[in-house]
Every structure is written in C-alpha cells, then in structure tokens.
C-alpha cells in the first residue's frame, strides 16, 4: 500500500506543480492546496501504515498495545492541516481581493502591475 | 524551571493578545506594545547575559524529557539572534507609533507585529524540527498580513508572489520534516544529530537536506530563490519593511546555519562549495539589482539579498572565524538595514515618495536624518569604524585564511558596488538640490510632521545607528560572543549533551 | 598615551566644529588653527627623541580577535609626515577661515577637515596594519565629504564619488593584501612585520599580497591608470586641494610604500612594479598637465606627476633614492600647498581660474604674488630654493639606479621640464605682464588668504638656504625608517659642477622653452586628442554611466517580475540539486512490496487520482472545487482506514470549510482557460512529472526505512499514567507538544486578522505614506 | 421555502451542534475530538445561523466580536501553562487534580483541558471572523 500512496503523493505533487505554473489565480490556490495534501500524505505514509489500530488506549489498559498506528505523525499532520487551513483561508481571500484591486486573475498580467 | 528562555516567545504572545483584546483604543495599544517589546528586550538581554560565556540552556517544555516533548534550547547563537529580534522589535514598535497610520493600527497592526516577533523568537529558540516549522508559519502568516494590511493595489500584487513562493517553501519544509521523522523517528535537533551521527543514511538524509536547503534558501532569499523579496518588500510601510528585512530572511539564514552545522553534515563536500557558489551569486545578483534601482525601498530591498550572500559565505567557508563573521554580519546587517528603512520611511513621510530622481535637498532640510543615513549607509557599505567593516573584515579574513580566494574577490567587489549604490542614494536624495518644482506625490496629504512625531521617527534611527557604531567600536566583546557561538556550532556535542543528557 | 592624544583631540575638534559658527564669526579660522598649531609644536618637541634614534610608542588592545590593536608608533618617517600634516594643516585651517568667509556651513567644513586630519594622523602613526587601514578608509570618507562640500554642484558630487570609488576600490584590495601579509608574517603589528622582511619576501603569498597592497597605495596616490580622480577632485574648495591633494592624503600611498619598504621592498617585483608605475605616472601626469588652462587642474596634473616621481624613487630602493624621495616629498608639499592656496585666492578674488584670463596681478595682489613666485621657483628647482636640492638629489638617485637609469633620467627630465612650464604658468604668469591687470575687479585677499602661501613659500627659501635645518633632524631619521638602517643625510646647495647640475640646468632650459611654446603644444595636443574612451577616466565614466543600465538588463533577465518563472526556477533548481541523490533514492526493490494492498484502498486511490485529474483538467470553477472536495474526503477516508480518526474528522471539517470559503471567493473570478502556449505547457508538464516522481520516490524510500519508535512508544506508555488521556493524538496536541498547538492557534488568529482586514480595510478608509 | 427550511433547521440544529461540539471538546482527551474539532463544529453551527438569519443577527446572538474570542482563546491557552510556573515547573507542564465528584467519581481535571478550551474558543473566533466577514462582504456586494 505504501507504493500506491507514494504514487498518489507523487501525482498530487505533480498536479500541484502543474497548477501553480498556470496563469490563473484560482488554479494557483488549487495547486498549492494539492501540494499541501501531497505533503501530508508523504508524512502519513512515511510514518507507517496500520489498519484498525488507532492510537487510543483501551478502557482498561494503561498503554497502547502493539501494533498501533504511530500517533506522532498524526498529530503533526493535524497541526499541519490546521495551519494550512489558516493559510489557505487567508490566501483565498487574498486572491479575491487581488483580483478586485488589479482587475485581473491572470498572474502574468498581475506581475506587470506596477508594484 | 527556567522561564527566561520561554519569555521571548511568551512576552510577544501576551503583548499580541493584549493589543488584540484592547484594540478599541489606539493609545492603549501603543502603550501595551511599547511596554511589551521593552519587556521582551529586557528578557533577551538577560538571556544573553546568562549565556555570554558560552553556556547552553535547554528547557523541556511541559516537563517531558527530550526527545519526547518540545525542547527549547538557547546557545549563544540563539541568544544573540533573540536579542536582535528584540532590538528590532522594540525600535519598530517605537517607530510605528508615528509612522503607522490609524486604519492599520485599528485593523490589527500591533498584534501582527508581536505575533511576528513571537514566531521569530520561537524559530531561534526551538530545538525541534517540527516546532521550527510551526514558528516559521507563525512568522510567515504574520508577515503575509502585514504585507497586505492597508489594502493598496500594489500590496496585493506583491503579496500574491510573496505568499505563493513562501507557501511552496513551507510545503518543501514540511515534507522534509515529515520524512526526517519517518526515517529517524525523532524531531529533536540534538537527537537528530546524535542519531544521524551514529547511523547516517546518505541518500535519504541528503535528499532531506536538499529539501531543507531549498526551503530555508527561499526564506533567506538566496539566489536563485530570492525573487519574491524585491517584488514585495517595498510595498508595505517602511516600518514593516524594516521589520522584514531585519528579521525574516535572518530566520532563514539561522535555520541554514543551525541545520547545516549540526544535522546535515554528511555531505559537506557538496554543500560547502554549493553554499559558496550560491553565496557569490546571491551577492552579485543582489547588488546588480540594487544598482539598477532608482527607488530607495527597492534599492535597499535588493541589498538585503546581496547581504544574505555574505552570511552564506561564512557558512560555506565553515571555519570558526567564518561562522563568527557570518553571525556578526547577520546582526550588523539587520540593524543597519532597519535604520536605513526607517530613514526611507521618514523621507516618504516628508515627500510622499522615495523616488531618487525626484528627491533632493534632504541634507538642507533634515541634516540630522541625513547624518544618520550616512552613518548607516557607510556601515552597510563596510567602511570603518562601523559594524559593517568589522563584519566584512572578519569574513574576508576567514576566507583568505581558508584560501577561498574566489569568494573573497567577489565579496570585495560587491562591497565596492554597495558603496556605490549607497552613495548614489546620498548624492541623489541628500546632496542634490531638490528639483525646481517640489514634486510631491499629489495623492498624499501635505507632508507635515508635528515636532513630537518627528522625534518618534528619529529616535529609533538614532538607537539603531548608535548600535551599529557601538558594535563597531566595541567589536571585540561581540566578536568574543560570536566566536564562542561559532565554536558551539562547530562542536554540537555540548548542545546534544545539554538537551539529551548523553552523548554519541 | 601622548600618541593617542593628537588623534583624539582632532576628532573631538571635528565633533565640536559645527558649533564654531555660533561662537566665532570671522575669527573661526584663527580659533580653529590653535589645535593644529599646538600639534605642530608637539611634534616638533618630539624631534630630539626621534633624531637620537628613539621612538614613541603606545599600544592597547582593541580587537584582538581580528588582530587589530590600537598600536601607535612615532619614528622618523611618521614624524616627518605628522609635521607636514600639522604644519600645512595649521596654514590651511587659517586659510579656510578667509576662503569660506561667512559660508553658512563652515562649521561643517571644519568638522570634515578635522576628521580628515585626525584620520591622516592615524594613518601615519598607526603601528598596526589594520588600524592603519581603518584610518586609511576614514581619510577616504573625509575626502568624499570635503570634495563634495559644494554639493549643490553636480560636478562636486560626481568628483567626490569618483574619488571615493577609486580609492575605495584600492582600499578594499589593500585590506585583502594586509590580511595576506598578516597571515604570511604571523602578525599585524607593523614594527614586527618590518623585522620579518625575509620571511615575508619568501612567502608564497608575497606576490598576491604585494599586488593587492599596491592597488591600494596606487589608487590613493593617484598612480596611472587610477590618476584621473585627482584632477577630477579639483572640484573641491581650494583649502581641500591645498591640504589633501598636495601635502597629505595623496601622499598616503607613498607613505605606505616607504613604511613597508623594509618588510616588502628590495625584491625585483617591488622594484619593477614601483618604478614602472611611478615612471609612467610621472610622464603621463606631465603630458596631461600640458594642455590644461585651469589653474587648479594644472596643479592637479602636476601633482600626479610628482606622485609618480615619489613612487618611482621608492621603487629604486637605494639609500640615495630614499633620501631623494623624502626631500622631494617635503619640497613638493610646501610648494604645491602654497600654489593651491594661491590658485584659490586668485579664484576667490578674481572669479576665474583660467590662466589665459589672468595677468598683471602683481600690483594688486603683492603678498600673494611673492608667495606664488617663491613656490613656483621651488617647483622649478631653481637655486637657492629647497626645490633645487630636491631635484639634484632626484637626478643623482636616478643616475645611480640599479637598472634603466638612462630611461628614467630622460623621463625625469621631460616630466620636470613640463612641471617647470606648469610652475611658470600657474605661479608666475598670472602676476606678471605689462598694462592693466586682469580681471579688472581683482584685489588682494585678506591676511588669512595670503599668510599661508607666504609662509610656505618662504620656508622653501629658508630651507633651501639652510638645508641642515631639516636634513639631519628630520630627513635622516625618516630615511632610517625607510631603509631600516642609518644613512647619512648631508644636504647642500652646491656640489660643484657635475652631471647633475648640468641636468638641472638643461631641465630649466627645456622647461622655459616649453612654456614659451605652450600655445603650440596646446594646439598640438588638441589635434592629438585621444578618444576619451581610451583614457582611464573615460573608461571609468563609461562604466559608471553604463552600470545601472547594464544591471537593469542583467537583473531583468534573472528577475523578471513574473511569479510563474520564479516558481519554475525554484522547482527546477530543486530538481537539479536533488538529482544528485535521486539515483540513490530509486531503490527499486521496494516496489516488490506491492503485495499488501486492499481492494477498497485501491479503489479509493483510483478515485482520488481521478479527482486530482479533474482538478487539473477542469475548466469550470465549480467542478474543480467539487473535485477538490472529493479528493479531500478521499484523504479523510484513507485516514479512517489507516487508524487516524482525529485526522479524518479534522480533514472533513477543514475540507468543508475550505470549500465554503472557496465558494465565497471563486464566484467573482473568471473561468480558467489555459493561457500558456504549447511549449510552455510541455515544459511545465515535464517539470511537474519530474517533481512528482521525485516526491513519490522520496515517499517510497522514506516509508521503507525502519524507523526508531522510541518516541511513539514513550507516548504509548505515558499517555494514560502521566497525562491522563487515552486519545494519544490529543494528548500530544494538548500536552506533549502543546507548544505546536499554541503556535497553530496563533497562525489561525493571525489569518483571521488578515482576512478581516483585507475585507474591511479598503483604500477609501484613508491612508498615508510611510 | 428553502429559506424557511434553513431557518427552522438552523434553529433546532445549531444548539444541538453546539452541544455536540462541547461534548467533543470535553471527550477529546480520551476519544477522537478535542478543541480544534469541537471549535470547528461550533463555528459551523454559528455559521448556519448566519446563513439562515443574516450575519447581523448571528453577530448579535454571539454578543462578542469573534476577534475578541480569538484573543480570549489564546489567552486561555497560554495561561494554562502558568499554574506550572507557580509549582516551579516548566511552562505548559500539565497540572492535574483528581476531585471526587458525586455520581461520576474521581475525574482528572488538568490544565491541558484548560488549554484545549482555549484552542476551542480561538478556533470558534477564527472561523467566525472569517465567515462573518465574508458573508457580510457578500451581503454588501449583493446590495
């Protein structure tokens, strides 16, 4: 399964790179979001995959019983997701306003705006 | 318990939260902001005093032993950078009172400033890779917002570039950090260094290293990743640009120096020369960019890039003197550059624009500011007896001692061109007579400064210029510290021992 | 300690000078002159010590980390220079009082002048190479400010910059040279280095160090091809030229060479480089002086020529040459400073400096005239002035030169002859002539304006008559410093009739003939005008003019303002850098572990890939966002399958809100069309696929590594007993790594502030620059 | 018609969602959930209200400016580290008490919960700041 997820990460990353190289603002954001999905997936995969073993200690146990999914990558990804969420919320509004102010969603045209 | 080491994060956070809560009153915000940053400054000074003889302080946050929790570590390098942050933070806070307009204050300028400081301090103090990522993001989002705060067209166009490139850097960083954990099972710097020293796995670690190199290189504005900087730094008010130039790229430099002296040391035959090549190109391209500009903020922004090359040069040479020089240089350039941007802000306030061709007569009009500019500019250009001279001297000396003649030659020529472009500003803006028709920007209200406001502009400049002079004249104690900081970087064993309590 | 005092006091004077305007009125010059006069006396009082072979030293540490100490030493050579600096300085300060009159910024002028004086004293007194360099650079800064004193004139600004850049360039090279010397010699203390000459000269770094150092000395002392800044610097006020451009700063390079002669001199490299550069400069300066008509430019070019002579003499490295150099140095300083002041006075009182406009001023400006004629006579080397002795010594030294003495002699006679013509033209010609003086409004300047030149002119006469006044007390110790051994100095006017005397007479004859033929010479040179581009000054100007445009083009290529090309560059460079490790990463056996796949996961992944392609390919905004949503939920499903419930919930909530915000935003944006041409698309496609492959391999390899699970097992064991939580992920978030979460919450806070401000704070809310 | 359904569902759904969000917050230490997830859910509930009754009305029923919530949340989170300081421990060290409650028995109460509440509040503040601003902007632009 690692292989499949690795390929999926690769595809997400490639798609993200492709999109951020396009000229439309909206596709730029889409691309960045895909890149961040890819990053999360890479972390998730590299932390090891475990089925049906969530890192939650059972009612009567005092410790996780092996095998369990590594909780740390999960916590890291959770933090990363939330941070990305904040960043993208900001970025989405930014492109909305940039579009409003510059009157274009073409990145090449916007690059020529006298800044 | 050691609160001293978390105060540089805690105090800006408290100040930020405080100004956010008390946002209804501008005056109270100013008071809280100044008080908070003064407290931050005091704590940074105390931290440095505590560590100046070369000790290392490690604190396990939440009391979880390393490497399980997050460790804050302050060695001299960190402490110096934190102090730099505090100095820049304090002067910017002071300068902002007069220089930042009411709408910006009302819409969260102060909280943003302090959250940014918090992120920067955190980045300097953390001993944990993922935590570093978090601080990077705190700092970045704060800088994003400061960049667009004000709602001008140019701000948005500049911000799109800035945000995009920096988000790309964050993704690369995140992937690097995640994989590093997957490979080593740890995020703690000391633990990473320890584990990788025992069991280096070149391919994966080196690829991670490249990811970090690119990610930090983008933040540090190293060639060929610097593009975003000159396109965006000139759009916010000068106070913000001073803050950015003083701190943001320096965090990138810090991260490069920290990780490539401690963790990614297995590929030094490749990274060392690579850093030198990048350093040379960064210096040259940056300075050429500066020479081509006719607008003060843009010109100085390109110089930020150029100066990053010098710091990188120290890392590439990688001797004790070189690292010492790089640290000293980083401190110097942040201070001198912030002073210069403050002057630019003052000029913008007086004239409504900072276009050199249309400026002039400023020496006659504001002799004190002119003198301050000249001092800072000469310092930046590396003339004695200011900090810039000793910084460059140290690096050149280190380069020659290490027989790295090519980079030395580049550094000297770039220094020359820096002098050229600094005198260009001086000639055009200060010496030259003002154009016949006082061509102020029509959109800007009459450039009028109240006496008190004027001093709020000038006082921070005086402080910073004073520091660059003192840093020059009293270079020895500072070089002692940067030298010890460099020693600590070259020999991570005490760091690791302090954090983990054991050694490879 | 008394070594430090002159420098500190002058510096203090510089700081206080701006106040001068308020307290002094027209007595400013006199008041200010007290300090340099005092210093002159002080240095005079050191004469006996130094003459007896003693030295004054003072040393404290400053920056030991870099080998920079506050070490000062006063020996014969330093004393000679210090006396010139203080002596000429006194007269210049008095002169400036009259010259500037009621200039509103005269306080500032004195500040710069004292700053210069202080740093120049530092240069000649420093006994540490790097300390010397610090002062050296300070003289450049002070000179920049002084040349540009009349900064409202464009020429002044340009010349100031030119002087700064040329000497600055040399200075930087010299710094590298100094560092190399310190590395080779193992110390940066000058007096130590002087005793390690053999070590230095045989070191492999000797030649590079020497070349770099010479670059510094040559630029400062206006040696060809860097000479052009000096005539350019004539835009400076006359006192500045009289001080910096005759007696002091331009001699700093000469000083340095003389100073380091025992350490570095005596080799073939030294000999040829110095004599060649010096000889060439001597001739070029003279040739360029020929066609000039501006008083100050005439003097400027002749100074270049004189500096060439000095450098050449030091290069000869004989006792006699050293003696000649030092005597000529004094001679030149005296007459050239006087002539510059005279030129300034003429300019001040007549309003012109064009020699063709000036004649017959003797009657209205008698004192100035006497001073000028005395100085000019010294310059021509006419007995019984000191200049005669200087010239005799010079010829003698050249005749005894180790090599090429004939060539040097011819060049010397030629250069001297031109200088004689210059002397007549600038020092005598304006004052003589029958009929009405011209310009009509000319009149004598005030006492302050003629006192200095007169004293200097008279001292040329006095010292010529009584050369022993300086010979043994001053020149002999100085020669000792240069040669590092005792050399008898016996100066005399009359040596009998010998070849040297004949040469002197020949020179004067040729000089007078040249003067008489000056109009023809001028015409000839006008016809022969070398294209400006070929001249060093022209090259400099071209470079400076072209630099911004060139930089603009260069940077325009690299830094084109286009976001997409930035991203492309970054990703490409990343791929190139990573390509090195790429090969190692491609650990193909990992692929064999494809076995453990579940069909529903495969289905999920296929669905997600389809959604990704949809996001990429979609031309409608809504479809793209919908596909993005599907992808997000797919990832959430993966999290569910692979035991990450918290992640799954978070992902779903975040995905939903992202889509909501997206919908708010995207409505206003136009449809996305593909706007790039095919080749660009292809290029981007290649980069995208390569980077995707890179990440996939990276991920694959990383997951194939057996990780050390010490940390997660710590969490697994301690979560309940130590942190009272069963959901380990949550415990990590709020306890083990709470700081991350705090940071994350801060990010959200800031993002919210940003969004709010972007939406609510619009331009029409008012703004101001800054 | 749609609006009516929306309003009715908002009226009944929102309190339930908020209740669930609090539950998620409190249970988060032992089961999936926690401050962030809870906060997002609560904010969604408020957003629903805004959608149904207009942003102005939602703002009124919230009573405080969401930006104040952000600040308060952060303040709570960072002060949750303070009790440890008084105990001479590092900042953010979890401090616990185990009070005996009637019916339930001993439950661990600790500063991490306090911390999580801070996160919850700041997430609510964050989300609502954005959603309110966007929807107000939308309402303005619609006019």
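Per-chain residue numbering starts at 1, and chain names A, B, C and D are given in the order in which the chains are listed.
Note that in this section a contact is a pair of C-beta atoms (placed from the backbone, for glycine too) under 8 Å apart; a residue touches a chain by one contact, two chains touch by 3 or more.
Because the structure is predicted, anything quoted here is derived from the model rather than measured.
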Quiz item: Counting C-beta pairs in contact, which comes out ahead: A-B or B-C?
Solution: B-C
Quiz prompt | Chain centre separation in whole Å, for chain D relative to chain A (CA means) | solution = 24
Self-check item: CA centroid of chain A to CA centroid of chain B, Å
Solution: 28
Quiz item: Counting in whole Å, what is the centre-to-centre distance of chain A and chain C, each centre being its mean C-alpha position?
Solution: 50
Quiz item: What are the residue numbers in chain A that touch two or more other chains?
Solution: 20, 25, 38, 40, 42, 45-48, 54, 56, 72, 76-79, 82-83, 86-87, 89-90, 93-95, 97, 107, 110-111
Practice problem: Return the residues of chain C touching two or more other chains; collapse runs of consecutive numbers into ranges. | Solution: 561, 563, 567, 571, 645-646, 650, 654, 657, 661, 664-665, 695, 698-699, 702-703, 705, 707, 709, 711-712, 715, 726-727, 733, 735-742, 744, 746-756, 758-760
Quiz item: What are the residues of chain B that contact at least two other chains?
Solution: 13, 16, 20, 61-62, 130, 134, 137, 141, 144-145, 148, 151-153, 160-161, 164, 168, 175, 178-179, 181-183, 231
Quiz item: With chains as vertices joined when they touch, what's the shape: line, ring, star, complete or other?
Solution: complete
Quiz item: Which part of chain B faces chain A closely enough to touch in the complex?
Solution: 130, 133-134, 137, 140-141, 144-145, 148, 151-154, 156-161, 163-164, 167-168, 170-171, 174-175, 177-179, 181-183, 231-232, 234-235
Self-check item: chain D - residues contacting chain C, complex
Solution: 28-37, 40-41, 44, 47, 66-67, 70-71, 73-74, 77-78, 81, 92, 94, 96, 108, 110, 112-113, 115-116, 118-119, 122-123, 125-127, 129-131, 133-138
Quiz item: What residues of chain A sit close enough to touch chain D in their complex?
Solution: 54, 56, 78, 82, 86, 89, 93
Quiz item: Can you list the chain D residues touching chain B in their complex?
Solution: 67-68, 70-72, 74-75, 78, 84-85, 88-94
Practice problem: Please name which positions on chain A make contact with chain C in the complex. | Solution: 1-15, 17-27, 30, 33-34, 37-38, 40-42, 44-59, 61-64, 66, 68-72, 74-79, 81-83, 85-90, 92-97, 99-100, 105-108, 110-112
